[in-house]
């Protein structure tokens, strides 16, 4: 079927998208840039998995995408609240966020 | 091919450029804040169009609802993540580009 | 499928090299994780090549994933304590005194 | 699948995985190593899907992207506040060659061992016994019925890991971080019900489709970590006689009870009576999932939690 072929090409393009984006992981320079790249990869991977799930009509893959979507927040939240403030701070970390909180 | 299949495939194809431009922005934009801006397009519109297209194509309500749920979860994650990163970057004294 | 066996071999070599040659505990730990991924990949590829898909390696790999994450957690806890030196312990004692 | 496109997909995936593995183990910057490993896990999930192993893809998504990522990033935050580690310095070539030779030898031996595996595998045997397993998903059948002994030992390893972590001393201090944004507590409140829902869904799916106790437990454990990061005070305490020690060992205890009661009624160890298999597996799945979730969460705490969180520094 023609539409399946189109979908396979789209999947390859999306994977190529991830591979090209790996350059940002290599270059940085801020750790936040690398984190953003990882977030983008998660989005592309979810798109790939969803397309594969519908074209091969295997509902199990949909669950994989669901778990990824559910957990994609976790990495960013851990990064922001745990890792970033400790990673070679440009100035002593002032914990400005505490005043911002509710 | 039926009309719904055409429509679904067209929507999926329409979503891809948004994801690609997200990567382009990630690679070419000068600082964290502008890259956040580029990524949001891919996360929100690109994935959204792909989900809608696949939902139309699958022709089943449960699959479409699950796709919608996945999209909403990704929206929540990307919106909160973008806010957190931008806020923390500002608090840590990263200057936005051009200021 | 041959490609995935080659990929598993490549990952195995990188993991082994990292385990012995890279500096820093955290990198060695990541190398150990890469190494176990390579082994899992080989298992699942072999399972994929047998004609009725063999579910036993899948179950073994699931078990292995959980064992890997437990190993990683214990190793990380030890690495954190090593990096912090004695300071963590003294802080802990103060907490217990209260 | 169109052959050319699928080859391109495999090649891209393999190249990216190899590059990421190299970055994870050899990058000069520690954060780059960790983030490369997290992306490596993401792409491994795509590889599992390509190899028709959706069960493992689910577990990789839940454990790799969730729990391991959070563990590594949190550990990184604690490590870099200590004196910085030296970047990968000068490589001595004789040493590198020796390591690679050793690795290649081990690889060749393992390859030779894999070559001698019995050719058709156990696929036929499992398929032949599936009607008596009590579930429809072959992987769940193997995990909780045919090879339940492995699963018992595996939960035992997880329990042992938590015991080892607790024995290292109390949880390091800044457990609840400074909240950088009001959006974070809202995120925790919004996503927690979703995590619980997804856990039950995966448990229910596990009997007839990919999913099951491990994936469900890992998702719930990751949800607990997210809620902690969103500013909630942990409810898991380390008191001597509290309920938590029982809950942590719930999975092992139930599996042992199931195994022993099968021997008491005259069957072999872990040989469930055929009529009761479905019920036994359901109970085992639920208790194992609860236990795995709690154990993964406890492993994240990096030490024994205090008897009472109230009054604990910075919480």
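Letters are used for the chains, namely A, B, C and D, taken in the order the chains are written, and counting of residues starts over at 1 for each.
Operating definition for what follows: a contact is a pair of C-beta atoms (placed from the backbone, for glycine too) under 8 Å apart; a residue touches a chain by one contact, two chains touch by 3 or more.
Remember, it's a predicted structure, so these values are computed and weren't measured experimentally.
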Query: Looking at B-D and A-B, which one has the bigger number of contacting C-beta pairs?
result: A-B
Field: Mean-CA-position distance for chain C and chain B (Å)
entry: 32
Message: Just the number, please: Cα centre separation of chain B and chain D in whole Å.
response: 28
Message: Roughly how far is chain A from chain B, centre to centre by C-alpha average, rounded to an integer in Å?
response: 10
Task: Indicate the whole-number Å distance between the mean C-alpha point of chain A and the mean C-alpha point of chain C.
output: 22
Query: Where in chain B do residues touch two or more other chains at once?
result: 73, 76, 80, 84, 87-88, 91
Query: Listing for chain C: what residues touch at least two other chains?
result: none
Per-residue multi-chain contacts in chain A, two or more chains: 35, 37, 59, 66, 70, 72-73, 77, 80, 84-85, 97, 100
Statement: All chain pairs satisfying the touch rule are A-B, A-D, B-D, C-D
Of all residues in chain C, those that touch chain D in their complex: 3-4, 6-7, 9-27, 30-31, 33-34, 37, 40-42, 44-48, 50-63, 65-67, 69-74, 76-81, 83-85, 88-89, 91-92, 95-96, 98
Statement: Touching chain B in the complex, chain D uses residues 180-181, 183-184, 186-187, 190-191, 194
Message: Looking at the complex, which residues from chain B come into contact with chain A?
response: 1, 5, 8-9, 12-13, 15-16, 19-20, 22-23, 26-27, 32, 35-36, 39, 42-43, 46-47, 50-51, 54, 57-58, 63, 66-67, 69-71, 73-74, 76-78, 80-81, 84-85, 87-89, 91-94
Message: Under the definition above, what is the set of chain A residues touching chain B in their complex?
response: 1-3, 6-7, 10, 13-14, 17, 20-21, 23-24, 30, 32-33, 35-37, 39-40, 43-44, 46-47, 50-51, 54, 57, 59, 62, 65-66, 69-70, 72-73, 76-77, 80, 84-85, 89-91, 93-94, 96-97, 100
Field: Footprint of chain D on chain B - complex, ascending
entry: 73, 76, 80, 83-84, 87-88, 91
